[in-house]
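Worksheet: one structure, shown below.
Chain IDs A, B, C, D and E follow the sequence of writing; residue 1 opens each chain.
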Amino acid sequence: MPTLEDLRPLIIDLLLLSAALLVFAVDLGLPHGRKRGLGFLTALLLAGLFAVTFFVDVDGPAFSGAYLGTPWVMLFKRVALAAGALAALGAVDHVDRHFPNRQGEFYLLLLFSLMGMTLLPGARDLILFVVCFELMGLPLAMMAAYAKADDKTRVHRHAAEAGLKLYLVSAASTAITLFGLSFVYGLSGTTSLSGIAQAPMTPLLAVGMMLTLAGMAFKVGAVPFHLWVPDTYTGAPTPFVAFLSVGPKATGFAALAAVILVAFKGNQAQLGALVLLFVVASIVVGNLMALPQRDVKRMLAFSGVAQIGYMMMGLLTGTQLGLGMLLFYVAGYVVTNMGAFLVLEAIAPDRTGVTLDDLNGLWKRSPWLGLAMLLFVLSLAGIPFVVGFWAKLYVFMAVYEAGQGWLVLFGALMAIVSLWYYLQIARAVYMGEVKAGPVAVRPALAAAIGLCLFGVVAMGAWPAPFVESATAAASSFLGPR
Amino acid sequence: MLAQVAFGIVALALLGSASRVVTARNLVHTVLWLGLTLAVTAVAYILLNANFLAAIQIILYTGGVLTLMLFGVMLTHRDEGFVAVQNPSGRFVAGGILALAVFAMLAGAILRTPSLPATPAPPVTTEALGSAFLTEHVLAFEVLSLLLLVAALGAIVLARRKDAGEEGESQGAVLPERKALPTRQPKAEALPVAARTSGGEA
Amino acid sequence: MSAFIDSHLLSIIVAAPFLAALLLLIVDDDARLTIRWVSLLGSLVSLAGSIHLASRYDMRGGLQFVERYPLVPAFGIELSLAADGWGVSLLLLTGIIITTGVLASWTVTTRSREFFIMLLVLVAGVFGVFVSQDLFIFFLFYEIAVLPMYLLIGIWGSRGKVEAKGPFAFVWKRFDIGGREYAAMKLTLMLLVGSAAILIVIFAMYYSAGGKSFDLGVLGAARYPRQMQLWAFPLLWFGFGALAGVFPFHTWSPDGHAAAPTAVSMLHAGVLMKLGAFGVIRIGMLLLPDGAAYWAPWVGGVAVINVLYGALSAMSQKDLKYVIAYSSVSHMGVVMLGAATLTVDGWNGAVYQMFAHGMMTGLFFALVGLVYERAHTRWVPSMGGFAAKMPGVAAFFVLAGLSSLGLPGLAGFVAEFLVFLGAWQSKHWWWALPGIVGAWVTAVYVLRAAKQIFFGEGPAAEYHDLKDARRTEWGALWALGACLIIFGSFPRLILDFIHLATNEYLPRVANALQLAQLP
Amino acid sequence: MGLSAYLLLSAGLFALGVYGLVTRKNAVGVLASVELMANAVNLNLVAFSRFIGGHVGQVFALFAIALTVAEVVVGLALVIILYRARGDVRLELMSELKG
Amino acid sequence: MLPMDWARLALFLPLATALLFIIIPPLRRSGLVAGVFSVLTAFTSLIAAVVLLNQVLGGARALGREVISWLPHSSLVPGPLANGVIQVGLQLDGISVSMLVIVTLVAFCVQLFSLGYMADEPKHDFGRYFTWQSLFLFAMNTLVLAPNLLQAFLGWELVGLVSYLLIGYWWRKPSAARAAVKAFWITKLADMGLVAGLIVLFLSTGSFEWTQTVAVATPVTLLLFLAVMGKSAQFPLHIWLPDAMEGPTPVSALLHAATMVAAGVYLVVRAHPLFAQAPDTQLVMAYVGGFTALFAAVVAVVQTDIKKVLAYSTCSQLGYMVCALGAGSQVGGFFHLTTHAFFKALLFLAAGSIIHGVHSNELKHMGGLFGKMKVTSVAFIVGALALAGVPGLAGFFSKDLILEEVAHKGLWGPLGALLVAAFLTAFYMGRVVFVALFGKPSKEAEAAHESGPSMLAPLVLLSVLAIAAGYFGATLSGLYGEPVHFHLSPVGIAATVLGLSGLGLAYFMFGAPQGGSSLRAAFAPVGRLAASGAVDKTFAWAYRKVLTGLADGIGWFDRYVIDGLMNGIAYGTLEAGSRLRPIQTGRVGDYVYVVVAAMVLMGLYGAFWR
């Protein structure tokens, strides 16, 4: 029988729920055209929640093992909350400008999606797992299409296209996942991840696992399930893309880790080969296809695909070091990518498409924005003294430790290929001729970018504490071996 | 013996109607065939002693989903909506191959899997079902409720046609419609758009 | 106070330019004079520190002025700095080059603030590499030293002209060959490919040494399996060699140096390319002695190619900066040759050549910058008789040229002579011959260039604003020229430091060499 | 009838859904196909719970149904948005973002 | 003062002067002041040299040596060079001191002469000229006082440098600039031999000492001799010397006649112990010297430029010295070096005075100058006679000694060449004298006038030496400790006769009112040969076609193949990216298709993975 004690590990999520309700209530209270505050409120609540995570203890199982709280889970919660807070803060102006009277719902969707993200890493029961997955995913599809109908800037057309593409592909892969899970359940007789690990292996069970993984791979956007990514990123409103590009990915990795390393524990070898395939394909396709892009959002989308490949390396090792560094990578990636997209938003607040030419001469039009963009792309490329460098490096170390030096070489070389297009951005920012006038950045957006920048620089200058906690979390996830 | 016959009938009906769902040229027919499929599925549930589920299936699906989708068809209904656009048959071939591949893969796995029980286990009572919801799966249940809530909320917000006080929204809703109206060869209209805004040439 | 200075000397030297760069962040973009003085101050502090270091360095040798700060304890990464004989000499070189570089780029007006920021960050990296005793930090500084190049060249660079020809003419469709952005991108990518190779080897050493620490001492003490060394050393050689302009990975160098602004070419050819050679010796040969012993013949053979190939290519160039850039390739070949000999004289010569060539090529690029700035062309055949308008520049150009062709009494000679001695002692005595011939070819093209540019009739009418060097530029030229003469006449000023470190380090490799000679 | 028969049946259903999914051009048609696939899932679950016992399968099936419904709701909302934006819901026309 | 102090004075005072001129531009630009300053410096070092010579003659044969370590050096392999230093320093003995005197003396004379000769130059160029002059003095002294081969090499290269600078003194003249570079290239080419020789020597013996026994004597000495050929303008590396006449005449007198070109001879004299161990090398030297003497003399006959005549004559005389050394007589070589230094410097300075008078180098622009410039003419005639080997004058003794030694060694080939050369020498000198001084005055010669005292004084001094130097042979030889007593040998007589007949022939052809034109015609083919400049052409071809061609080929290969390869790789990567784009069709149907297809594949993988 569930008791109140079962709620303790879920305290963060409950607070998040209440935050959502609060936002809902305030939204109802506020008159039309005065809803700007909602964004700040959401950001504030999420930030507060983020702070709270450092003071509560959420370890331990709940609801007869359907949910399990660990430091690992907690770190993913933090990442999600940070992403949400930054996204909310960064979206304030956009939302207020483009759909002033539908702000509340926007933030509600954001919060609900976040709830899915905070719950998912802890889910240890297939049913809960699936439901959280959906709770995370559905609002995203809606937010993608959540835009103002202004035919001049074609936001609406593209947003709708982006939303529907995301939705249809995700619906298909959800069906696939469920189908796979149905087999998994049926052949293991249980829905608890740890229970599944005990089931005898049969072809049908393997097929079920594979179908499940296919669905997960879609969520993180690994090749060949990435096709929706660039289109959606290009078409959807930028602040949302900033969130979409980091939040679900982080959580998706939590899910992948849970499935691969807990539920399907017995089949490391076979699954490892598969993941390796994902890694290589994602890195190659993502980097190569980013090369010719002129639309920066699209370029970053492909680069994101490649980055997924690098993160998967950590998953591939399955070692404590590997998972810890995956976590570190994810955390760094959140601030970096979020920041990059927010800069794009700051440059072209009225458009979904931002080309390299829009970045021309940014160093002059807004020096700090230029510097921020430079640091973000450097971090994405993995250049020293920004977080991206340590992230890639540590993942490489983990991979080498796991005995796959060639993969390190491959990864490093592809990272250099990626430098080509990242430097295209730097090139535009610092060498493009100045045509337009200064960029005026609204305070909220500036604050969000500033926070991302701080994160990138701080984690780059002093990575030690993050590394420590990440490895600790990883060991808590793997448990005693 | 009877069970076999019943299963055979259900199976035939199910597959038949489903195949119509995916092949019917007229959208309304598609939806109606879908309804039939779902209904037949309910029958299959009954064959599997899942009466409660069968009921849910009839009420929720065949009621709710069907209505919804009909609404959808009507709302997005267009003159040429009923006239299917000329379709490259290659697509059907490809689709067929894919579907066959899927089936072959699944069937192969199923047949290669030993020890699939052939005899039913004791049936489940609805009470057990209900209590399961409120005990071990209560958390998932709550989350599910949130999910439904957010789905409804989002759907409403998105689908709301007019949004008081938001300039541009109203024509935004109408304008493109008018622009895109006479589309015998829709590509002709779609292509330049694509050319204008596709993701950037190197 | 002085106690503090002595105990933190190295960090002061490394940090001074970096702090100056940070300071520049808050200086107003238009306050040009302030910007220049701040950067000059930063570099002067480092220079003074290096001189102080040299004066305080205990001639009993070994690592001195050690500093350790843990950075990532989890992986045993710690910021540990210490100076050995090589470090001392190369720090001096870097200090001199950056100071003169700042003086030489006094006239940079466009976006001078960012320019000096990048420059100082870069040089901080260089200082760091020479004194870091932690392999990881070494790599970190190495990257920092390499990367600002992209912006420095891309923003302040100039373009040379390379017409579309040859079997690969089709690449002109995509790349603006000769353009500064092309050059910057090419340089960055090629050097980073090298870094990728280095990274692997770093991991290999780290884990094969127990995965506890990156400290060079620890890594040096470990005995690596011979197999590992045999594949690791070539990777390192390629990785660092790419920066040292080793054939055939040198092609970034002509474009890069030609496109780069004056101070950047000075730093890059004068110091950065040395990082590559330094890495090959300090990391590759000292940590992987067996690999070094096994591959030395190849390294030396390629170096021989470098010397002649670079010299002959330089001879065929028409663009002045390309001439100098190729001569750098040739002279770095001398460095690698000395390294490959695995003899005391060879290594002394190699390191001294780093030092001497740094000064010399720094002076060269400073002069080329002056000529280019005043003549607005680098096309040698179109010049002539410039000495009439810029006698000082002409004189220093000849001086640098003489040093580069190894005229006794100038720094270049000592280095080359030692390298030849070492080569003759090594197992491949004939290595010395291409070196000697290369020196002669250098004489041919350098003096020809000097004659073509500065002597004979002229200057033609279109060169109306030719004028001799100005205030700070004189400072740079005199400083470098004087260094060439002083260190050429009294080589022991530097060579003693180098000799200490060499005598300390070489035995490790030499033992491996003896082993390698056993059947 | 054995379990495998039901599994094969749902597999066929699923395959048909896939066929529709990739051949249908009209958004609503695609949604219908997705429904078929979801239906196959449910049939699977119920069949399993019938043959291996326990109520979990049916619970799962119920959850699956609810999920599917939520998806349909959202999907239709998006289809309507698309229609508003382009005045057309034929998917192959919706390819402005590409390359 | 101790001998060493005098030596340091002689060595470093000129350096100090040069550095002062370089560091303090005003001083350099002050023109005459700088000149006088430099002359005084030269004079001081001359004094120092004389003092040292006096002490040497006073019996102290070796005034000692002192060295400082210049380079640390060590090798891990035990052996001669296990641990050590490479040294530089000063060595004072008969040879070095006497050479020091010659150098400083001629240098002083030349600088004094230059005060007048270069008076018309702009001030700063004047200062530059004397800067280089002082620097030369330092460099030459470095070479002369070298305690070992290494320092000799340092000085060797430095004088080469100064020669480059002084030949290119009038750098605005393209011909001068080219000549300077050419001289440097050729000598440097030869110096590669010196470097290699030094290295081999050092690594086989562990030191650079002058006197030591070395196993690999022949290769070492051959390599050294290669450098000597370059510096001392032996065939075929002589081609730079005539071009070097582009420099101011006093420079030609000092560097390219008296001292620098003689450095090669001096090197061999110093390193005689080494060469003595390599008879094969000596044989080569004898033949090369002999041939050069003959060849240069032949070419000198048909030169129309007075300086060119003297330049080829210098080649020829250097051939004599080399041949003598080849014959193993360093006394002969060094003695001739000494006398030649005096009378050839005299000749050049006198020629300079003449050129100063008529503002041209061409013989045809001269004539009948004897009346107009008495002192100069007399000086020139003295020099010419000394060169021609007229008995009683300096040239006679040294030449006689050489011939005697060569004959004594039984080197008949070289001997013959030298005898013919002796005849030709007398002939072409006579030609110059009769044409330039007594011939029919040309219109340029009309305006000629005698030069000022600062130019005449050196002429007088050198004339005296050109006459008297020959009588100090014994003393000189005494300085090396192998005294030779002079006696008139048959070959000496033959040479004298040949010389006199050469003068007579010259008079008959150019001096007498009715010259025998038939004989003139006899020399026509020689003229054509000389005019064709075959050797020059060969070198030019090698440079243009071979070296430059090779360089251009490699340059092209690097730009368009090696670099092209790198670009090609980048190009391929980008191309791949563009080629991949179409897979992003933008049609969601295709996306779903891919997703499901991938699912099928994964499923198959799962179904069959074991």
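Note that in this section a residue touches a chain if its C-beta (ideal position, glycine included) is under 8 Å from a C-beta of that chain, and two chains touch if they have at least 3 such contacts.
Here the structure is a predicted model, which is why all the values come from computation and not from measurement.
Contact with subunit B and subunit D alike is made by A, E.
Put simply, the chain nearest the middle, going by average C-alpha positions, is C. When chain centres are defined as mean Cα coordinates, E lies farthest from subunit A. Among the other chains, E has the CA centre that is most remote from the centre of subunit B. For the pair subunit D and subunit E, the distance between C-alpha centroids works out to 97 Å.
Each chain gets a centre from the mean of its Cα atoms; for subunit B and subunit C, those two points are 67 Å apart.
Taking each chain's centre as the mean of its C-alpha atoms, subunit A lies 28 Å from subunit B.
Between the CA-based centres of subunit A and subunit C the separation comes to 43 Å, rounded to the whole angstrom. Along subunit D, residues 7, 14, 17-18, 21-25, 27, 31, 47, 52, 54, 56, 59, 63, 67, 70-71, 74, 77-79, 81-82, 84-86, 91-92, 94-99 each make contact with two or more other chains. Among the residues of subunit C, those in touch with two or more other chains are 189.
Among the residues of subunit B, those touching two or more other chains are numbered 91, 94-95, 98, 102, 105-106, 108-110, 112-113, 116, 137, 140, 144, 147, 151, 154-155, 158, 172-173, 176, 193-194, 197-202. Contacts between chains, counted with the stated touch criterion, involve the pairs A-B, A-C, A-D, A-E, B-D, B-E, C-E, D-E.
Put simply, subunit C touches subunit A in their complex at residues 71-75, 114, 140, 143-144, 147, 150-151, 154-155, 181, 185, 188-189, 192-193, 195-197, 199-200, 203-204, 206-207, 211. By the touch rule above, subunit D contacts subunit A in their complex via residues 7, 14, 17, 21, 27, 30-31, 34, 37-38, 40-41, 44-45, 47-48, 52, 54, 56-57, 59-60, 63-64, 67, 70-71, 74-75, 77-79, 81-82, 84-86, 91, 94, 96-98. Considering their complex, residues 164-165, 168-169, 172-173, 176, 201, 203-204, 206-211, 213-214, 218, 224-225, 227-228, 230-231, 270, 274, 285, 288-292, 417, 420 of subunit A touch subunit E. Put simply, subunit A touches subunit B in their complex at residues 1-2, 6, 10, 17, 32-33, 62-64, 66-67, 99-102, 105, 108-109, 112, 115-116, 119, 125, 127-128, 131-132, 134-135, 138-139, 142, 145-146, 148-151, 154, 156-158, 187, 202-207, 230-231, 234, 291-295, 298, 353, 355.
On the subunit D side of its complex with subunit E, the touching residues are 18, 21-25, 91-92, 94-99.
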